[in-house]
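There are structures below to look over.
Here come two complexes built around chain A, the first alongside chain B, the second alongside chain C.
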Partner chain A sequence: MKRTRNLGQLLALGLVTLLLTGLLAACGDSTATTTTVASTTAAVVGTTAAGATTAASAAAAKTTTAAGTTATGATTVAAGTTTAASATTVAAGATTAASATTTAAVAAPTPTAVAPIPQPAGSVKITFWYGLTGALGNVVQQTVNKYNSSQSKYYVEAIQQPSYDDTINKLNTSLAGATLPNVAQIYDIGTQRMIDTKKILPVQDFIDKEQLNIISDLEPAVASYYTVGGKLYSMPFNSSAPVMYFDKNAFKEVGLDPEKKIWTYDEVLEAAKKLVKKDASGKIIRGGVDFTLYSWIFEQELATQGAVFAAPDNGRNARATNLAFNNDAGTNWLNFLKKIQDDGLGRSWGRDGGANSSTRDAKFVTGETAITFNSIAGLRGYISSAAQAGGKVDVGVAYIPRPTGAKGGVIIGGASFWITNTGTPEQQAASWDFVKWTALPEIQAYWSSNTGYYPIRKGAYDVQEMKDTLAKYPQFNVAIEQLRATEPSSATQGAVFGTFVSTRQAIEGAMEQFLAGKFPTAKAALDDAASKSNDTLSEYNSTVK
Partner chain B sequence: MSRELSRTAPEISPGLYRTIQIVKSIAVYFLLILAALIVLFPLLFSLSLAVQGPTIAPNLLPDFSNLDFSVFGQAFAREKNLGRWIVNSFVVSIAVTLGQLVTSALAAYALVTLKFPGKSLFLFLFLGTLMIPWESTIVPNYLSVTSWGWKDSYQGLIAPFLASGFGIFLLRQYFMTIPRDLYEAATIDGCGRTRYLWSILIPLSRPALGTLAVYAFLNTWNQYYWPLLIIDDPVWRTTQVGITAFRSSEIQVYNLQMAATIIVLLPTLILLILGQRQLVRGLTEGALKG
Partner chain C sequence: MSLIDKPQKETVRFPDNRRDSSVGEMTEITLGLTNQRRVAVPQRLNPRWKELGWALLYISPALLIFLVFTYFPFIRSVWLSFYVTTPTGEPARFNDVKYYSRILNLDGSGRDEYLKSILTTVQFSLMVVPLGIITALALAVLATAKVRIIGVFRTIFTSSVAISVASASVIWSLIYTPTIKVTQWLVDLLHLKSESLLNDASTALLAVAFMTVWSALGFNFIITLSGIQAIPQDLYESGRIDGANGWTGFRYITLPLLTPTLMFLFIISTIQCFQAFTQFNVMIGNEGPDNSTNVMVYSLFTAFWKDNRYGFASAISVVLFAILIILTVIQYRVLDKRVHYQ
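And now, the complex of A and B:
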């Protein structure tokens, strides 16, 4: 009798755990890229630490001693003063010093710590926040080390933040306390928000003061993105643009031209019909075109068709007052994606970010996807992973597709360096000196060669290091051509407005619902996203006027 | 079905009965293993991703002939502070948990057993703090902490969370269920107020204190924005913020991220395994008495 009741309880318990795990999994799915690691950790901690904590209170003595013994190894735990902490970092840095500036390719990241070099006595110190992590974050620290060892007047303390989003959010909160960094790396879509902080020293002012001839050598598309109202506000650092990735081997297999760079929507659909492979049950085993629902690509497709995202003029001459992406250009792209899905030519992996982006990348490098869209900064990752996954895939790069008759063009993405008005005049001078230095052709060639971003200076292509890189990754040339072929206009300059993050979410939501058949037309889906985004934008605008 | 089984049980032969028992316990163990696998899935999956090498196309199961365990060493090589972050998280979480237990217990004790003017005012004041969204307290807290020079320090991470309206309310509600007669009887026997709290009320309230401790520990352990905001020096980061350094930008490579995640999880996991018996005993004991 008792046994059977236990069994029943056990079954119930099993059911509950099943539900809970499902719930956790669902939570993990819906979180954005930035939180993948954090959310999985949180989820797992949630299940384990629920017990661990009470364990701590029940066996309090045990816990504290355990923590205590580990703590002694880690020094200065009880002391808890800032000076002690910075002293240990400096000491740690001294051992590995500047020798760590060997080049490390992103494709095969060497996971060694890049220690900052110690501050020389008597130098002016500035703080610099950056939002790149992983292997790319290492290259940022190496670049800063290069600067610090190149001169002894100024010293840059580089502080890594978890992501671009966290960098700008932390900066916004710090505005109240006036403890801003001297230089911050902020993503493209944070441009309007940074201007609105009113704590920014536009780099244009420094350039004008020194009568520096630098703007003419900046990559035009890059310079125009960061120019608002005729003023270059921040110094671009890492720039990228989207491309169409395809598998050259699959193209050859079905008789398509693997060297063709410009594709119209109709041509892509025709190609996808040839490329798609299905098993006996009709399930796709190789997608002709597989994609994530990615607002960034949507914005690019608007630029390709010469349509603005926000009115008036993408906010380039006067503050943007309403969003205009619910136009023909926008519906063209959505209908194109819907046709791919409905005709069984390929698959949508859902909203971009987290597991969905990983699915897109994994399917492409293993040959289960023939065509997909992503940033050119992903090229090295694709090439090395394709080789690792058996080398079936030969990665090719083309322009992002366009409707027949569209002129083409892309908007630059990535991040730039902003100088704040915090600190002493010497620190502001130091900030400019550092930012100016990062834009040198040699440094840009070094940065681009080690990461896969575009160099922001035309002069960088004359540096031998960059020439070697292009010889190694010839696909990159297509991305440069696409960028150079872009006609400057407010459409290809890209939009600036204060609520970009939420608008992107609204657009990705609209794409998701349209593909799921919840809106009768693409126009209806985009109208809905536009009206939601307009509400938040006018609210934002009313707070900054 | 189970009821039918037990009704017919006396009529069947002892041999058959034993077979049924064996089948039943096999079924029980099968279900237990299944449940364990489901619960452990996130851990096993991260382990699987960790040992597959730096690929952007991982499989559900790794290639068992080619496991890359060096990734755990690589995680420490990439971030020398990894161990320190775990220590930070523990120090902060334990300090906040203990702090909340002490402040909440004392406040709730006063609210329940003492008579003083403005008692309900205090209670509503405490409850009122529950209505304030934490986002709106971030800036004032940030300003105070920075003006005291507590950026990059344990006190900056701990101090703002030492008292909680929720904890006071939770313990007050629990203390109210303990009969007042007990307090009166103890007083007659010559028991002072402090002693009553320490030797009678606290031991009787173990389940509530346990719940509060779990809640406070978890909340603190999982904090993200506050540690991010007030910590600049990598040495002082907590695990939740620190672990993001392993995330790759642009293209996601999971092996290092997952290895670091597992390293960060292990201490809590080990504590759970070591302390599980005491934990369960503590909670059920209290529940029976209460």
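And now, the complex of A and C:
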């Protein structure tokens, strides 16, 4: 009697344990080798190696129970993560056995940090904050090391911040304490906020003082982004623009031209109809066009159609007072995405960032997505991951799509170097010397070749290192062409205003709600986002002079 | 019960009665110590004040930390919540109670996202708290089974306590990734329009709640198990004589005597749910599909870090504080009557 009760209890315990561990184990049973691409676009939010290890352990007589779950979670792995685990759970009668073949949690090697070189005696030290992490952060440190060893008068101490967001937030909180860095790498959308700190020495002033002939050699689209009110405020460093990525093999398979660069919305929809593949139940197994909901691409589509994002003139001549993205250009893009989803031509992976971006990238490099949109800085990651995933995908690059008749054009994204008015005149001179040096064609060629960003100097293309890179990645040329074909206007210059981060969130929320059918029209969704954003912007404007 | 109750209540009162005499002793000692300075100290200084001075001196290290890191920020938050701030966080102009009326949707703007975020938080708590306590209770009862390797099971049930919420969130967001079979199966089963449980307005909050229950399970389990183990065995023995076995024993002995523990868990879990942030930030990273996971602390985070409206963020935190205070008082008042203290 007692023995049977004990046995019953043990069984119950075993079942509950199985439920707990089995869940994790079974979840590891991934359909495909999931390759997460190092997405270099924005700061990559922690992708992780987590392995559910299940080990079978024998317990009491006649009863075998699966036990033991170890799950490790590291919070940030900047590069790529591959999780492939398969587990089988068999339950038969009173005997439960779990056999687990486990965890090929193949984490791409986390790049080891690059050590800074020591400060030479007698040199003037300046501090430099940067927001790039992982492999990109290492290249920044290497670039700084190059500068420090190229001369001995000045010394740059590079301090890494967790992200772009953190860099500007920390800078803002440091304003009161006067512990500002001498130079800071700030993202594109922080431009107005940086100007509003009133602690900035515009690089234009330094250029004018030395009568340097540098602006004419800057990539025009890049220079115009960082020019506000006719003044170049910061020195661009890493610049990128979005492109349409596609699988050339899939295009050839369905008879589409893999060399065509410019696509209209209608042409993309037609192509997607041919590219999409579904299983017997009607579920998409290869998306014609799969995408994340990404405000940055939305902004680009506005520029492509020559529409401004904020009024007046994207804040380029006078402070932007209200947001204007709830226009026809905006609704065109939203309707285009909704049509893809509703007609079953592709899938939305949700709002951009974190796991959703990883899903988009993983599906693209494994051939489960034929077309997607991302920054050109992601090209190398895609090519190497596609090769790793079996080489089924031949990565092609085209211009971002546009409605029929739109003239096209992209806005530059990325980050630039800002010089603050902190420190001694000598330190300020050192800051300018460093910033000027980073804009040298050779340095830009080095930077571009090692990362995948555009060089900001036209002269960089004459450097042999850059020529070799372009020969290796011919797709990059399409992105350069797209950038050069952009007509300068306030629309393609991009918007500057103080509450960009908040507005991006509002737009992505509106896109998500519209695709989920919460708003009857795209216009209504964008109107809602605009009213939310205007509320924040007018409050911001009222607190700065 | 009342027999056990009475002497205890008296012992509670005991120190109260004795305090006066001890105060006298203390004062005498202190007076003796400060005898030399007595001339400088005015005679009419109440010894009670003096006692307070000593008390303050003794607690000053702790008090200082609390003042700097808790009370000052708290008071400043309340103060800031009535101001519009500059991008650097300095008050720019007085804003009256406009932020509060916006949060509670009383300003006629029709923007109810903050009110909805309070409701989302309540919804989240309703999902997590009961489920969390019931699972912990069930596991704890199971873990009292008298089998030889019970320690192994207890360790397994407790293991989630060793995993921080941040790591657990990362693990679970991987589980919820559309490339995972179980997730695909669930998505198909529920006929979701989205590709992931976290991207669908109808399942996102539930998915996070499930992860939260899992993550809190280890802690809840330990507390409940220790509560059960603290129940004297003789009660069960005498119960068994009266025929209280299995379910009856659980219902009439375990459960009533466990109520103090369960109430503690109930209050702690509710507060934790209202303050939940990490899992939302790691697993979702925005307000969620159709604002469905925009809990209060996340909307506070957005107001502070994304919108840079420090006054607004402060106002949300004050509202959160008020809600938690009210909830805790209610829980104490209502539940205390139903709790059996042995």
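Heads up, the rule we're going with is that the second predicted complex is superposed on the first by the 434 of 545 C-alpha atoms of A that agree within 3 Å, B and C clash if a C-alpha of one lies under 4 Å from a C-alpha of the other, contacts with A are read in each partner's own complex, and residues count from 1 in each chain.
We take it that a residue touches a chain if its C-beta (ideal position, glycine included) is under 8 Å from a C-beta of that chain, and two chains touch if they have at least 3 such contacts.
What you are looking at is a predicted structure, and each value in this text was computed from that prediction instead of being measured.
Asker: Is A:Lys283 touching the first partner chain B, the second partner chain C, both, or neither of them?
Answerer: So A:Lys283 only meets chain C here.
Asker: Determine, under the contact definition given at the top, whether A:Asn213 touches first (chain B), second (chain C), both, or neither.
Answerer: The answer is neither, since A:Asn213 touches no partner chain.
Asker: Should A:Gln464 be classified as contacting the first partner (chain B), the second (chain C), both, or neither?
Answerer: neither
Asker: For the overlaid complexes, name the partner, chain B or chain C, with more touching residues on chain A.
Answerer: B
Asker: Is A:Gly378 touching anything from chain B or chain C once the two structures are fitted on A? First, second, both or neither.
Answerer: In the superposition, A:Gly378 contacts chain B only.
Asker: Given the touch rule stated above, what does A:Asp165 touch, chain B (first), chain C (second), both, or neither?
Answerer: second
Asker: Quick check on the superposed pair: does A:Gly350 touch chain B, chain C, both, or neither? Answer first, second, both or neither.
Answerer: second
Asker: Mind working out whether A:Glu512 is in touch with chain B, chain C, both or neither, as first, second, both or neither?
Answerer: Touch partner of A:Glu512: chain C, not chain B.
Asker: Determine, under the contact definition given at the top, whether A:Val501 touches first (chain B), second (chain C), both, or neither.
Answerer: Second partner only.
Asker: Examine A:Thr173 and indicate which partner it touches, taking first as chain B and second as chain C; both and neither are also allowed.
Answerer: In the superposed model, A:Thr173 contacts both chain B and chain C.
Asker: Would you please give the residues of chain A that touch chain B in one complex and also touch chain C in the other complex?
Answerer: Chain A residues touching both partners: 6, 10, 13, 17, 21, 24, 34, 45-46, 48, 50, 52, 59, 67, 71, 73-74, 169, 173, 176, 358, 362-363.
Asker: Can you name the residues of chain A that touch chain C in the complex?
Answerer: 6, 9-10, 12-13, 16-17, 20-21, 23-24, 26-32, 34, 45-46, 48, 50, 52, 59-60, 67-69, 71-75, 83, 165, 169, 172-173, 175-176, 193, 196-197, 281, 283, 347-351, 353-356, 358-359, 362-363, 498-499, 501-502, 505, 508-509, 512-513, 516, 518, 531-532, 535-536, 539-540, 542-544
Asker: Across the complex, what residues on chain A touch chain B?
Answerer: 1, 3-4, 6-8, 10-11, 13-14, 17-18, 21, 24, 33-34, 36-38, 40-59, 62-64, 66-67, 70-71, 73-74, 77, 80-82, 85-86, 88-89, 92, 108-109, 111-113, 127, 132-137, 159-163, 166, 169-170, 173-174, 176-177, 179, 240, 357-358, 361-363, 365-366, 375, 377-378, 381-382, 385, 388-389, 452
Asker: Where on chain C is chain A touching in the complex?
Answerer: 84-90, 92-93, 111, 139, 142-143, 145-150, 152-153, 156-157, 159, 163, 166-168, 170-171, 173-184, 188, 193-196, 198-201, 282, 285-287, 289-291, 302, 305-309
Asker: Which positions of chain B touch chain A when the two form their complex?
Answerer: Those in contact with chain A are residues 2-3, 5-6, 24, 27-28, 31-32, 34-35, 38-39, 41-43, 46, 53-58, 74-75, 77-80, 83-84, 86-87, 90-91, 93-94, 97, 101, 138-139, 142-143, 146, 149, 151-155, 209-210, 213-214, 216-218, 221-222, 224-225, 228-229, 232-236, 239-241, 243-254, 256-257, 261, 264-265, 268-269, 271-272, 274-276, 278-279, 281-283.
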